[in-house]
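Reviewing the structure listed below.
For clarity, chains are labelled A, B, C and D in written order, and residue numbers in each chain start from 1.
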Amino acid sequence: MGITLGENQYGKAENRVVRIYRDSPRHEIKDINVGTALRGDFAAAHTSGDQGNVLPTDTQKQTAYAYAKEKGIATIEQYGLDLAYHFVDGYEPVHGARIEIEEYAWERAVVDGAEHDHTWVRKGQEVRTADISVEGVGDDQRTWVVCGLKEFTILKSTGSEFHGFPVDEYTILQPTTDRVMATSLVAKWRFTTTDIDWDAVYTGVKAIIVKEFATLQSLALQQTLYAIGSAVLEAYGEIAEIRLSAPNKHHFVYDLSPFGLDNPNEVFNADDRPYGLIQASVIRDDAPDAGPAWTMQRGWMG
Amino acid sequence: MGITLGENQYGKAENRVVRIYRDSPRHEIKDINVGTALRGDFAAAHTSGDQGNVLPTDTQKQTAYAYAKEKGIATIEQYGLDLAYHFVDGYEPVHGARIEIEEYAWERAVVDGAEHDHTWVRKGQEVRTADISVEGVGDDQRTWVVCGLKEFTILKSTGSEFHGFPVDEYTILQPTTDRVMATSLVAKWRFTTTDIDWDAVYTGVKAIIVKEFATLQSLALQQTLYAIGSAVLEAYGEIAEIRLSAPNKHHFVYDLSPFGLDNPNEVFNADDRPYGLIQASVIRDDAPDAGPAWTMQRGWMG
Amino acid sequence: MGITLGENQYGKAENRVVRIYRDSPRHEIKDINVGTALRGDFAAAHTSGDQGNVLPTDTQKQTAYAYAKEKGIATIEQYGLDLAYHFVDGYEPVHGARIEIEEYAWERAVVDGAEHDHTWVRKGQEVRTADISVEGVGDDQRTWVVCGLKEFTILKSTGSEFHGFPVDEYTILQPTTDRVMATSLVAKWRFTTTDIDWDAVYTGVKAIIVKEFATLQSLALQQTLYAIGSAVLEAYGEIAEIRLSAPNKHHFVYDLSPFGLDNPNEVFNADDRPYGLIQASVIRDDAPDAGPAWTMQRGWMG
Amino acid sequence: MGITLGENQYGKAENRVVRIYRDSPRHEIKDINVGTALRGDFAAAHTSGDQGNVLPTDTQKQTAYAYAKEKGIATIEQYGLDLAYHFVDGYEPVHGARIEIEEYAWERAVVDGAEHDHTWVRKGQEVRTADISVEGVGDDQRTWVVCGLKEFTILKSTGSEFHGFPVDEYTILQPTTDRVMATSLVAKWRFTTTDIDWDAVYTGVKAIIVKEFATLQSLALQQTLYAIGSAVLEAYGEIAEIRLSAPNKHHFVYDLSPFGLDNPNEVFNADDRPYGLIQASVIRDDAPDAGPAWTMQRGWMG
């Protein structure tokens, strides 16, 4: 028939691992959501149901929890690398592993002006992500780390324009030189090495995102994304590429003229759908190939 | 037949009003979700489709946006009171109004160590709420204000016990003297007056919630809720009652013993469902009647 | 201080119980989400952390699963009654129990034109609900059963009007004699007895809802709700009251005139927010008191 | 600096278009969610904010609504192709277009045993999807159509096994020869031509999915996916590849033994997270290249 198995992978998604460090009275918390996916010599499972090579997804889950104790979660990046190497190096039929992690931030509760030792409030502001890919063993082994953030909602009440666009028979949009610009940003940046101070770079990239968004007099969301991307690449030589996906969370100036009211960009309707969606990559000319770095487990098939 | 129209109300839910104050270069933002509901002489609309008394939900929406300009949104409580009185005092068939508001907090973006004038990041930590009820006109008019918060996720990694419970034929739970306690708290407190510094009381109540949750050595979530409630009532004489609803966000100690690993409350599985749900009211003996204060628009019929 | 514990309850929410009947090769499936809540003599748990009377929420969960085997789930109503009586009659400190159940429908997979014995596809159309309340023991015991449906999305493309409404300074809505009317209906009906053929009445009420929605030339959503409600009460003498909550899922006629296109109610924008929200009760004059029938666990505090 | 703009696209996501056909008293309804994305000569928008080539996302939205009238929505595939060609052929800076559509099914309301002319109930069972990609103009123009379904929840109560898997130090899973197998399937199939009876093929592929899922004695979810995929390719020569993503919606046999109850696969806990996630492509040996067929707008960056 000429029909064959194509790309495939399997794993355990959304393991909700919480790790408390209680070595001193001042506890620490790591709160993460981990997905694992394995690629390799699994054709027989598909074609004949033979599970001889298929390390169960339940085993992958147990490993994720066990590693939270054995290796710890100093950073999600290091924990993800530990898991990926475990699967690829430890079991011959596995040729590649993908570990995807979301981290939810907590901040210490403040009681009578002081940070509390063992109570936290969920911060809620953005989700930090790490996507780890390891392919091959020994000298052929390659590793890709993509870090990022999502659900990072940012808004500026001025300093954004939109005009000069082409007009066709379906264009009724009016140009503006002053509008609200808001987005729930997804940003991911790909490293060329794993020798990174993960927390420091995360903090630094986030600061650049905020600064560029805030300070650029924006002529388009595209321009803001490119400014963010190029500033990040200029600041961090170990980042090869950054991708940004920015829904334009429309804040429409509400028409108060029927009620005899002026509305100089003061009252807005925050609309849900539809929304503009602007997506761009900014990349270094000498970036190594991306391999499977951008292929998400949950977004695998589009 | 002896069949009649019972309780009824109608309104416009989830108006997403964003108000920017731009009177100086340092802008301010209010981001709210407003619902309105009217009660009154609307029987004919139900029994014969006569809309003669029915102020359209679209009109209610327009009013919500117009008032964001005309009255402003100094606090959600004052804005809600303005809207409620407008409907009840301004239109005879309306006998009562209910305004329910959620407020989403933003914090100023920090650029090079300084707060930015017109850029904010969505804070995400909890949603502040205000539920305003006004019934009647003139001397018979009564007003209830219930303020609160929701989606306030708080966790303590020790200082929580659970033991001494009855054991029946379906009881397999083991007692513990040290567990993680976490909840996504909903708290609402009812005032006896509208002469309140709304922002100050909100900040104060939230601080008490955090302090009691953190510092009480908890024998049960019930005990924590009661401690929160009584501390709030002790601190604020103008609060008649506080209600708390606390899903017990279970963090189960993960069994690592099959892998030869000890787990002294370090690695947890954060489970989604099912969850314990603890709900309590703490009330002042001389509290005035609650009237419609606790009857939500979206939860109207259970 | 004059501060006391007010209303309170506790339980286990969202137990996801699936029951397969496999007594013959043609299996049957019941897929439900169960919440339990107990009220009673639990003050000591709040005031001093004494759990001596507090049957753990974990025990309530175990009972829900065990009863799916011991009593079975012939209907969600009978299963809910079984659970409620177990808690109230079986354990003295419990004075009242509330059981809330959602049922998800499945339909048999069709293979080569025939229904399959043990494969189903999730139906997805609406969620059937039952809310059981039992208070007291012995001769004083009272029981309330409220059945219903939710997420029942229904639309008519004509046969709906809206005009004759009052006009104030914020009214810009235009009257119409032909519009799309759509809602995601929540309907709940309260019985006066438990001697009911639950499945038959459910099917019958749903058919009335559909018929009234479809065939009434509607002058207002209020009128449609009242027509549904009174038709249900006329058909079923054992139903004392029905409550309906109907978000007006707005379908706005899209303005195609800038493109030289006519749009006689053919192309619509289905908007998310805000939405009108119409809520009404239709009640029999001799309805017994509702007691705790309408007080939901998850909507307990508004 | 050696930093350049990489891949990029922009468009309008989630246009909620509803189209009513009312040419006869028996109306028809199409209810869709449309996203558009354009690729092309847009570098200046990023690097200098120049919008001269950027057809606004608002214009894309207007076109989506206008085409619902001008071209109609006979099928989502044809409508999507119409939109894609409009953008690529009609405006020189656009080199490629991506149209992603979800369709929500409605079924006619049944009143007194007869289908109603203008009232429908949302079917809710699965979402039908079409992803259209067009690249280039004239003789170089290429078109890819991927059709599919998602949120298709299917369950079998027997006829599924899982055993023979490898055991490592983290494996505690027990093998089974009889388990519940359930998934919320995403399936997408890529065509080699646009000369297709879209509705007929959709119905046919769905029937094959159901049949293979139901009738195969499954040794692994992988085997079921491969059986589905190869059966579809065998039946439809115009389909080059099919991809399937299947979360293993775990139904865990509930342990009733502490209560002295046997549980021979009758009572299950339907768990939310984590879940196994099995993903596979089945592809024809002579499949043409996939080009951008699988690159989703919303999943663009992983």
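Quick notes
Everything below uses one rule, namely that a residue touches a chain if its C-beta (ideal position, glycine included) is under 8 Å from a C-beta of that chain, and two chains touch if they have at least 3 such contacts.
Since we're looking at a predicted model, the values are computed, not measured.
Chains that touch both chain B and chain D are the following: A, C.
Within the contact network of the assembly, the step distance from chain C to chain D comes to 1. In terms of C-beta pairs in contact, B-C outnumbers the other of A-B and B-C.
Separating the centre of chain A from that of chain C, both taken as means of CA atoms, is a distance of 38 Å. Centroid to centroid, with C-alpha atoms defining each point, chain B and chain C lie 23 Å apart. Centroid to centroid, with C-alpha atoms defining each point, chain A and chain B lie 31 Å apart.
Counting only residues that touch two or more partner chains, chain D has 16, 62, 66, 170, 172, 258-259, 272-273. The touching residues of chain A, when paired with chain B in their complex, are 16-22, 27, 29, 31, 62, 65-66, 68-70, 106, 109-112, 116, 118-126, 152-159, 180, 207, 210-211, 213-215, 251, 254, 256, 258-259, 261, 263-272. The residues of chain D lying in touch with chain A in their complex are 1-16, 35, 37, 42, 45-59, 61-63, 66, 90-91, 131, 146, 162-166, 168, 170-173, 186, 188, 218-220, 222-223, 225-226, 229-230, 233-234, 241, 243-245, 247-248, 273-286, 293-302. Within the complex formed with chain B, the residues of chain D that make contact are 169-170, 172, 258-259, 272-273.
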